[in-house]
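The letters A, B, C and D name the chains in turn, as written, and every chain counts its residues from 1.
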Amino acid sequence: MTAAIDLNADLGESFGAYTIGDDLALLEVVTSASVACGFHAGDPMVMTRTVRAAAQRGVSVGAHVGYRDLQGFGRRAVAMPPAELTADVLYQLGALEAIAKANGARVGYVKPHGALYNTAAADPTVAAALVEAVRGFDSGLPVLTLPGCEMWKACADAGVRAVGECFADRGYDAAGRLVPRSAPGAVLHDVDIVVARAVEMATSGAVTAVDGSSVRVDAESMCLHGDTPGAAALAAAVRDGLRRAGVELRSFV
Amino acid sequence: MTAAIDLNADLGESFGAYTIGDDLALLEVVTSASVACGFHAGDPMVMTRTVRAAAQRGVSVGAHVGYRDLQGFGRRAVAMPPAELTADVLYQLGALEAIAKANGARVGYVKPHGALYNTAAADPTVAAALVEAVRGFDSGLPVLTLPGCEMWKACADAGVRAVGECFADRGYDAAGRLVPRSAPGAVLHDVDIVVARAVEMATSGAVTAVDGSSVRVDAESMCLHGDTPGAAALAAAVRDGLRRAGVELRSFV
Amino acid sequence: MTAAIDLNADLGESFGAYTIGDDLALLEVVTSASVACGFHAGDPMVMTRTVRAAAQRGVSVGAHVGYRDLQGFGRRAVAMPPAELTADVLYQLGALEAIAKANGARVGYVKPHGALYNTAAADPTVAAALVEAVRGFDSGLPVLTLPGCEMWKACADAGVRAVGECFADRGYDAAGRLVPRSAPGAVLHDVDIVVARAVEMATSGAVTAVDGSSVRVDAESMCLHGDTPGAAALAAAVRDGLRRAGVELRSFV
Amino acid sequence: MTAAIDLNADLGESFGAYTIGDDLALLEVVTSASVACGFHAGDPMVMTRTVRAAAQRGVSVGAHVGYRDLQGFGRRAVAMPPAELTADVLYQLGALEAIAKANGARVGYVKPHGALYNTAAADPTVAAALVEAVRGFDSGLPVLTLPGCEMWKACADAGVRAVGECFADRGYDAAGRLVPRSAPGAVLHDVDIVVARAVEMATSGAVTAVDGSSVRVDAESMCLHGDTPGAAALAAAVRDGLRRAGVELRSFV
């Protein structure tokens, strides 16, 4: 039996004259592209170019929905009534789908971005509002999130498929949670270590936590970061390491 | 044989705490609601409320697409490459469709707003970029525009159905064009005159121009304004006058 | 000895084609106009018209600074580092001052708006960031806030003058705090009662709390609301009642 | 007698998480920094960092005012009434001045950006609206523009000092105008040629046009570009070349 995993990255985060990330390099590595939808990053033209490039390479397109906060890059939570959040997410899903469809692609999954990812993981009301949007749009669309979090549960409650993701370059605690970015061991930079952990997660479904214990990581997708210097090179190293270890790279869509 | 016409109005133009127009009153009158898509006016929650209210009353929903210019209410032309305009329009079409579908409605037509309406009517490149978006989204979707204008021609060239609209409260010149707002006779305010002209247009397909001649008005839809004081009352008077004259009011969708 | 008080209201909250409030009517009543600075409401043209109208009537102009959130009308807190908030407030203060100076007025005071008002009243870090902006702009500028709150303390710590405000149409609890809007007795609508309380506060420095006790209200300014139906009439009634009671109406600037 | 010239560059064009240009490298080269004011680029925090860095290096700060169009980076003209443009420019001038003053700097000059630069150079109404803002803000503030253009004339009419600028890396036609970017010879990339032309302009007040003739360039300031790859290196080469030629580099403020 062969191990298989999806590689996803956040793409299409440029805006107007502003460029972030090396999208074309990442698209040679990932099997799923989470495309910003114009609220926290991205604009209609950037979305157009990104879905076209993804389609040309057979990379799945996901809607990377976020808070409407370009200034804060979607990293600041915005308190709003659940019905407004549902409307905001539907708006983004539809916008990306229209651009995708007209350019030879389709929205194949949903992934909340930044503060919305974190809020939906922790707050059942936010999670439910997000799932409500997914169901209203297409109840067959999977949602990429942290296994076991509130978003995961809200998907289960609503009959929406939740797809777990793991992080090759992040530290985990003994409970299987990500080490907060403010704590030591939160982000790993050594390429060999990151690749080794990626292979460990993809082949065994487990990873070594910061306390040395082994924790389960139930993930169908592995998130690679795209907006840091050296991101494309690290992503390529992870891909190559996984392939050498016999792991099949394929989209979960 | 019975004369029939559609009544359309621009709705859903409120934004956040800002309210424009008496949408609920207009929805009792019109058969088609052109709903702002968040670029020149409207926001996801306003769009949600508007499509729900339209669906409840059996009123058709159209995507009222515009330039991204809330500050100028879409009344200022924004010069941009055609591909960007296509992307902007696709974005708006998809956003409204997703919100409509999740709330029991569908986008049944497209109408450009304000400066985009005027630019697309006069500039074949802008018109073609707009039609390109409609085709990429759904080539069966009709476009509401001025009969004979560049947008009309671009639709014909692309095999997209163009639906002509007329204006009950606007003056026409002998060539069948609208009198510019800066000229005398551009806007009619007398209710009886507006109603009489509405009936004339709907039953005869012609209207009296400012020079006294009779001009053809090939319209399947009649536009009523919603954001001026007394707009709802004037709209209701037009509707009642048309009904009394035996004109059937029905959506062209 | 004569009692005296300032009457302030939030003005200049319109945006582009969107109108909120009857500014001209309120400007006939108040002695201080808190003018929105384009972040949560207002735009440069609205600011221009508002400061001109205030200057013509001898009404003081204050900078009504808020979170950059037009969609939420500044009623949603935005988490941001203190240095960013200081920069955002400086930006707004300078923008309004430039427009005021070119149009015969000056910024005479600062009042945070909506969520920023509440956050600064409760959170010493936010309060300090706001005061930092005021000091950087003009340390002689007074700040309108709730007596005794964190913003009040931050002003005292920094040597900035804090001016206390009271609310004629809001209920107070026995500790002198405003009754939350979700609780009974939060907002008073009866004109006679509101006027009587306004006079009580202005002449005695105290008001009857919801439990019947009398609480101190150390206020140099009384806030009138401008964006509700009947606001202008209520404001005029309060002004007239205060005058009849011999209270002098004058700006604290 | 010593030749002297100012070197200016557009800086502070980053926005939130988006970075454009190598501001710190350019600040080591220029004597004047035209700082974006948050309409076409920049945000309050970026403005804060930029004016601080400029002040630390003794570099003059100018207000780089533009159209409110972050999506288009201020490169698209926005049609608006002159009074609105005046208000928009005043808003930006005041915003930057407040941030500058609180951080040890002052706004020493004004330079329109992108489409506003071009529109003001060609359209006397736009130029007058811009000068009106400068006069309302501080009539002693110089304006950086093309010698002889409509903006130049509007400054002369209003008694505002116009400071001419030239471009080391742009081609000129025989009439002293810049070769349009779409034409051959518009932009020069060879470092040696650019440096030689910079020295020629600074020492002789003339430059060789595309047709080989010599044209006058009455400039007190030379514009260096900051947002292209290699910009900082080219700028440093120009600076070094000017110094070697004995040209004194000093701000015109």
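To be clear about the criterion, a contact is a pair of C-beta atoms (placed from the backbone, for glycine too) under 8 Å apart; a residue touches a chain by one contact, two chains touch by 3 or more.
The model shown is predicted, which means the values in this text are computed figures rather than measured ones.
By residue number, over half of the contacts seen at C-D repeat in one listed pair from A-C, A-D or A-B, namely A-B.
Interface of chain B with chain C: the two copies contact each other largely through the same residue positions, with over half of all numbers used appearing on both sides. One inter-chain figure worth recording: chain B and chain D are separated by 44 Å, centre to centre, where each centre is the mean of the chain's CA atoms. With centres taken as mean Cα positions, chain B sits 40 Å from chain A.
In chain C, the residues touching two or more other chains are 43, 71-72.
Put simply, chain D touches chain C in their complex at residues 38, 43-45, 47-48, 83-84, 87-88, 90-99, 101-103, 133, 136-137. Residue ranges of chain B in contact with chain C, taken from their complex: 15-20, 41, 43, 70-73, 75. Note for the complex: chain B touches chain D at residues 68-69, 71-72, 76-80.
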